[in-house]
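Naming follows writing order (A, B and C), and every chain is counted from residue 1.
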């Protein structure tokens, strides 16, 4: 029995999105917590978005949010989650002098997520993800070593052999520069994935992502599975 | 087909409890294992309690056990578990010169657990936990930096943004001192949580815990979930 | 709707096996990825086997594969997986100058797995595994500190207390030398397990494994569960 008063009035709550994602704001973060996050002195407010299922998706959405607001990325933390799946959960913390900027960043991030999950394909055995932005910014730089301002892509495949074949296909398909390589014991939270990120001309990055997706989906299908795009209706 | 002889006679088995918890004792631990655990020379016996679902719960129960027995805490190890959930599993190892002390510690810990889970609320998206003791001892000192002898509390929230809002509410509600801050990449086993511990006057600690629980449950409810207390009947 | 053309033609795909295992080969691995794996210059080809559920199983199967081929072990990486269970997933990367050697290694590994899972027992609360080889080779040396050429065994139990009792039973049952001890925070990917490996005379290793299995299954049964051998039919 939940009374209305228990759900009706939480000013810190901003909203939810696909992937068991929740966004909150704290206008004047407690001083002890500010120190733990090593916030710069001018930042009194934070916005925080956490998801049970996510990683590249949320880094992409956070990147769009910082490009459109005065909030900055204070911290991006990956965890081992996906609710029994093979991949990550994630938290993104925005910081700002004025809480309206953090709130705006959280709102934009939540709005962007549906689109960022458009190229996430899941099945019982694993998943395949590709992510693209025409211009990488602060969030992708922090989380995936993106050179800011350049066209940028991420490929993710699970189980890890799927991700390796995607990585190989991506690097061979286009004239791109690899910015990050992550596997179960390096650069992930012990997920069953191989993840790479790369940058280059927009056309080359897109070509590499397309080749990676095709390779990844082909492995999952050869395993006997039928990976489907993940949407909030699922 | 399990024959009686297969289950009927295992002197090391002590019992079970909520959270897929099992307790055992080993009267005279093998020398190689004693070295791995770095047991003091006088300790020949261990008790060990492992759980698929637990963390603060089991540290609290272990604390009650060491206060009531001659067993000591040899090791507390957190793992990433909760059977697909967002949090920890845990193992507690007691050591003693006489096996009866380790057995007694395991028995007390198993008995205490039902009570320690009283303030664990779960739903499909995450969980909210608060834990209180009037006087922290060895287990809470080892696992959560508790100052021994003081009133002490722990807050846990998942997904991590839930835990952050709980932490902020706790620190603002009472005149307490924060003893530990843990998040997905610091001090946890890559869980999707923010955890803090704090100490102070009993009334202040309780006030902070109450505020944290209210904040955490409100976020989960605003996400559209109905978190329920976890009991062994569930 | 999957068209035939999407699944019919992926030369890199080798096959699948129990434990959501998939095996692939890449004849001429991209140079960036070769550097990330620190492959020796003569190795242009890799084979890669990844599993959602596995660990000792796959190290054993990989050991059989390297003994029978010219492929070498380039990397073995454990992750936290088992699809919500208490244990590991794993990836094994073979390297060879000629892709036929990597392909052969992957094929042998996939064939061996059914047999390697013969002594994996699972139930809702955890699992018990024992693994034996008469002669350890490169894969077991890399992943479990096996002395090459000797009879060698591995015990795994979850929740961790099950594994501890198995380890104690194994070390007491036979005149074996312990080669590795791993627990939630040391040597595992934060799994809820205790794992040991040991070597010695074949008879002693077998005796220790048998005692460990009996102890582990007895704990799970005393917990009220009925652990069953894991097979590809399950």
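Rule of thumb we're sticking to: contacts are C-beta pairs under 8 Å (C-beta built on N, C-alpha and C of every residue); 3 or more make two chains touch, one makes a residue touch a chain.
Bear in mind that the values here come from a model prediction, so they are computed numbers and not experimental data.
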*Interface residue overlap between copies chain A and chain B, same or different (over half shared)*: different
*In steps of 5 degrees, what rotation angle do you get fitting chain B onto chain C on the CA atoms?*
120
_Chain centre separation in whole Å, for chain B relative to chain A (CA means)_ = 31
_If a residue has to touch 2 or more other chains to count, which residues of chain B qualify?_
80, 83-84, 189-190
_Contacting residues of chain C [partner chain A, same complex]_ = 2, 6-7, 10, 12-13, 16, 20-24, 26, 29-30, 32-33, 36, 46, 48-52, 77-81, 83-84, 89, 91, 93, 189-190
*For chain B, which residues count as touching chain A in their complex?*
80, 83-86, 125-126, 159-162, 164-165, 167-168, 171-172, 178, 181, 183-185, 188-193, 215, 217-219, 221-224, 226
